[in-house]
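Paired with chain B in one complex and with chain C in the other, chain A is shared by the two complexes that follow.
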Partner chain A sequence: MFRRVKHWGPGLLLLAPTIILVGVFVYWLIFENFRVSLTNQHTAKPSNKYVGFENYTNLLADPNFQHSLWNLLILTVVFLSGTLIFGFLWAWILDKPAKGEGFFRAVYLFPMSVSFIASGVVWRWLLSSLQTDQPGGERTTGLNRLLDSVGLGFMQNDWWSNPTWGIAAIAVPAIWQLSGYVMALFLAGFRGIPEELREAARIDGCSEWKLYRYVIFPQLNPVMLSAVIIIGHMSLKLFDLIRAIVPDANTYDVQVPATMMWVKYIGSDYADAAAIGMILLVLVAIVVIPYLMYTSRAEKR
Partner chain B sequence: MATSILERTSSGGTAAGAPNQTKRRINRTLKYALLLLFVIMILIPAYVLFITSFKGSSDADPSRAWLLPETWETAGWAKAWTTLAPALGRTFLLVIPAAIISATLGSINGYVLSKWRFPGANIVFTLILFGMFIPYQAVMIPLTQLMSNIGVPQGIPSLMLLHIVYGLPICTLIFRNYYESVPSELIEAARMDGAGIMRTYTSVIFPVSAPGFVVVLIWQFTSAWNDYLFAAFFSSGRNGPVTIALSFLAGGQLTDYAASMAGALIASVPTLIVYILLGKYFVGGLMSGSVKG
Partner chain C sequence: MRRRLTLIAAAATLGLTLAGCGGAADKPAESAAPPAEATGKVGVFTWWADGSEKVGLDALTAVFTKDYPKLTFDNLAVAGGAGSQAKSVLAAQLKAGNPPDSFQAHAGAELQDYIDAEQLEDLSSFYTDNKLTEQFPKDLVDRLTVGGKIYSVPSNIHRANVVWANVEVLKKAGLDPTKPAENLEGWFADMDKIKATGKTPLSVAGSWTQVQLFENILLSSLGVDGYNGLWDGKTDWKGADVTKAIDAYKKALSYTNTDRDSLSDWAPATQLVQDGAAAYNVMGDWAEAKFAQDGDKAGVDYTYFPTPGTAGVFDFLADSFTLPVGAPNPDGAKAWLTTVGSAEGQSAFNKAKGSIPANITAKTDDFSEYQKSAIKDFSQDKIVSSLAHGAAVPVAWLNDLSTAVSKFGGDGNVAGLQDSAAAIAAKFAQ
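And now, the complex of A and B:
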């Protein structure tokens, strides 16, 4: 026994600072946050009166919060499908050896290195909602102006200033920024498929479509899963981009739980802010925990 | 283009090979046209940033919004620079130590978790990893309380601590995956020679860690540089990093677009340089972000 402790004791000791830091800053704070979310601390004045799950039931009954959940759903669906489509398409085209491949890859990936706050500055301008055929339309700028001047004026729209679908416009810059990432994941996936596998399928007379359907796609499943998890959890947490594009944090059209939590925090409604944080955590956990269990089991095999 | 294809087929050898070759040429042309179209799509925002940043107030005619400036003015750049310069300095001061410290800790953690395992090491690793996925909103309220209780000042000191702590999971993950490829025999040999855990690290592991460090440092540098969430909660325009300064410059209803676009470019220069010079490793970091790489 003593020998074994001597064997792994030093490792545990080296890991101790991290275990303590993560223990406090992740797990203990989540617990604390849960505790605050059960109190009635709705003003800056400290209050520790417990009200059970009242904050949660109130939030879930609040039309504003319901709308933020709806927005989050739309955002995630559009963001995910956009990045998967572009990411896959680019990787598929660039997978075959091509001249200048490195250049294209670098261009597609570069938006990833820029902050949402910086890209938000230009997307705010691009997605400005004024349209040329509206009153004051001569002041139109951004994509609407571009569409108008290339003869696609009918495609002009109010982008994010729309209560039902406005949030989908926020997904446009997010897709612009992260499709390159998904491309990089898929490229690694494509390169991981042994050439013999494709050859064998071709020799067996597999058509190009069948080759993809039965050989390539199944091999790409793990990559696809990683992409969905990464983009999905980014989407659930998306905050910076919305703040950069829409000046007022409390804008109904593009409200998501992450921005609503900020609004509650600014208004010193700590209990509600904590409750929204918990709801976000549960949503992320539903996505991430099965994934973590899956990867740690896959590793053991 | 059509004629060149025709020429190729007429002079192109066997009758059977010709249509195939034509088809291949068309395919290739189509492919590059598509690739270029996507390049244009990606570069549109960069173009807008660039031209708008050089426009003066006399150049504000919306009908010329997509055209080059009539006169190239640098007033926007000057304003952006004076607004952002102090914050830029603070951000370097914050990001470089944060990246180095979390990379060092991550390297040691990765080493222990891959080469010096203890019972339950896998569970500990998964528990650490979960910290990388949590929405920070779920800890933010008690975190503000905790930081003021332990007396860490707002601004750079707070942000440095937070980037180190919340950077630990990803740094640990990248190094653990990286060290998995280091042969265990090397470790065993060092142990046989009586080297302890730290001696083994400094003499065997650390010397082969350079690629891992490059990936982790780049990852931490860019993510801390681009962070806005923590900065919004733990700093102000007076003591915050460049993302905060930029959001103040560009925020509000009446925006000076020349200055804010110049500011966006200035704020992106450091991460862009890192990306251009070390892009290969940048992608390496992205890959490890996907847990299994």
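And now, the complex of A and C:
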């Protein structure tokens, strides 16, 4: 008996603080959040009456919440495809033996070191919706002014103030910031493919396109998956960038579940805020859990 | 053995949890010592972190430290978003049972949330002890009284239905700055003339300033009784007169700057008027302090008038200070509230902030021309509660309505805004 404790006791003792802290500050709080989401605490007045999943059904039926989910979908699609396209393109260019690779790698990676809040303040100015041909157009700044001064005035638009596609404009700074990271992932993927494989394909008379299609791309699949998961879950949780670019949190055009949760929380609607938090958690879990299962299975193999 | 260890771990977890929850110490707020004897720190929570608001708070603090040299003032101000950031910080502190000694809240419906949550001490006896009931206007005391009790001490009164205009822009458009339009139709006609000169007729900023513009148009279009009825259920949101008001709001929005959502707060919108880029800005009279600080002269550089159609109506909001349940230094907090309510404190504070004193005995001889006119108006006008500033409806109602107004800024769907406003009113009126 004692010898068995000696066997696993020290290990448990070592892990206990982590287990307790994570248990309290992550899992217990998730549970507590779930509990609040089942109550009818919609005002500051303490109330612990349980209403089951009523808050969830009400939210999912609320056109404003549906709109925020739709915005989230647009944001994620644009953000994902943007980072993947640019990340891959830059990695592909840098993979060719060329001078200055280290320099360009750093240039592309640097935006990632800036916090969303800091870059958001700059992008708020860059994405100003005023256009030169509108009343007061002489005050135009940012990208619209830039486009106008290089003769591309027709490309000016209202960016995130557009009621339908405004949220896609929020993806622009996000893409700018994270494409470099995806590039680094792809570059590592490219470097992981042994030169011999390419040589062998070329000796077999493979064209450059077929080399990529049948030799390189299949080997980049795990990298691609990692990139999709990492960018995808960031996009679902994106809050700080929107908050920094859009001055008022309660701006309908760019409302996503994360910002809506904040608005509800400020309005002391704790039950709805908690319910939105749970829905976000489930959405992120749908993306992340299959990936964790996949990697743990891959590790076992 | 394994089971026992699991039990120990579970017990330890529980212990931590309980320690986390047990922070809310219930100290009695009533104490024998008079405020003058109080010592220690007084933590006061506001969202007056910069601009004229900070200048006002500093002036008030100076009076406080003179009155109570034994107390130290601890400034707990949180900046940003007309108090929205501060309110979230405060909500978290109150929920954790860790309140400041006193915090700022808009008088009226916004205070109701805190009262319902039983987070505020009853200050009725404080009012009688300091003879404050006679020193504040009856209209105001009525609005502060909830179920026969008073929970806060107002520090200042603001007016939300004021139009600020650039004199030069008006003159260029052939308009007489001293003769503002009398109703919305006349005002829109004036704006057409301004539009023809290439200037932006009306400047507005992000969501909450749009709500304030919406509120002004509602008030102008529906009149005092119609406007008040929106909040107590006597006016039907689905009625034809509300449709007309929302149509007018749509027209007003068509005269505004297209980059309204990008402006970070009210100040950049008012700045457009100061810079001569826009003619009118509908803003609360805290704008007066901005004009004064930037050295602009009333009548020469800028002019002001009640929003057309609302002359004789005072769209009111007031900041007030509270004594939260469980305040660490209740005696110090009462000393602070004494200064806030005093004639001397209110003179110092309001002169700097551009608002008018709630205390009618406060000296106002050296106040600005605008402030004097506002004091006169407040004493004789009909008083209504502001929507955008939490005086008319509770925060949750305001939040939902703000979302609907923000949505309207994009799609301009009159029936959509009317339906959602009606649905929101029905939801909260129960």
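Rule of thumb we're sticking to: the second predicted complex is superposed on the first by the 296 of 301 C-alpha atoms of A that agree within 3 Å, B and C clash if a C-alpha of one lies under 4 Å from a C-alpha of the other, contacts with A are read in each partner's own complex, and residues count from 1 in each chain.
Here is the rule we go by: a contact is a pair of C-beta atoms (placed from the backbone, for glycine too) under 8 Å apart; a residue touches a chain by one contact, two chains touch by 3 or more.
Since the model is a prediction, treat every value here as computed from it, not as a measurement.
> One more residue to check, A:90. First (chain B), second (chain C), both or neither?
First partner only, chain B.
> Identify the partner contact of A:124: answer first if only chain B is touched, second if only chain C is, both if each is, neither if none is.
both
> Touching A:12, do we find chain B (first), chain C (second), both, or neither?
both
> Does chain C touch more residues of chain A than chain B does, or is it the other way round?
Residues of chain A touched, chain B against chain C: more for B.
> Where does A:253 make contact in the superposed view: on chain B (first), on chain C (second), on both, or on neither?
Once the two structures are laid over each other on A, A:253 reaches chain C alone.
> Considering only the touch criterion stated at the top, classify A:48 as touching first (chain B), second (chain C), both, or neither.
Touch partners of A:48: none, neither chain B nor chain C.
> Per the contact definition in the header, classify A:57: touching chain B only (first), chain C only (second), both, or neither.
In the superposition, A:57 contacts neither chain B nor chain C.
> Check whether A:276 is in contact with chain B, with chain C, with both or with neither, and answer first, second, both or neither.
A:276 sits against chain B, while chain C stays out of touch.
> Should A:158 be classified as contacting the first partner (chain B), the second (chain C), both, or neither?
Only chain C is touched by A:158; chain B is not.
> On the A-aligned overlay, A:265 touches which partner chain: chain B = first, chain C = second, or both, or neither?
It touches chain B and chain C both.
> Considering each complex separately, which residues of chain A are in contact with chain B in the first and with chain C in the second?
Chain A residues touching both partners: 12, 19, 124, 138-139, 247, 262, 265.
> Taking the complex as given, what residues does chain B use to touch chain A?
Those in contact with chain A are residues 31, 34-35, 38-39, 41-45, 48-49, 52, 62-63, 65-66, 105, 108-109, 111-113, 116-119, 121-122, 124-131, 133-143, 145-146, 165-166, 168-169, 172, 196-198, 222, 225-229, 232-233, 243, 246-247, 250-253, 255, 257, 260-261, 263-265, 267-268, 271-272, 274-275, 279, 282-283, 286-287, 289-293.
> Looking at the complex, which residues from chain A come into contact with chain C?
Chain A residues touching chain C: 1, 4-5, 12, 16, 19-20, 23-24, 28, 42-46, 64, 124, 127-131, 134-136, 138-139, 158, 160-163, 166, 246-253, 255, 262-269.
> Where on chain A is chain B touching in the complex?
8-12, 14-15, 17-19, 21-22, 25-27, 29-30, 32-33, 36, 86, 90, 93-94, 98, 104, 106-126, 138-142, 145-146, 149, 173, 176, 181, 184-185, 188, 222-223, 226-227, 230, 233, 236-237, 239-240, 243-244, 247, 257-258, 261-262, 265, 270, 273-274, 276-278, 280-281, 284, 288-289, 291-293, 295-296, 298-300
> Would you tell me which residues of chain C are touching chain A in their complex?
That would be residues 1, 5, 9, 12-13, 16-17, 20, 81, 84, 87-88, 91, 94, 113-114, 116-119, 195, 198-200, 205-208, 257-259, 261-265, 272, 277-278, 394-396, 398-400, 402-404, 406-407, 409-411 of chain C.
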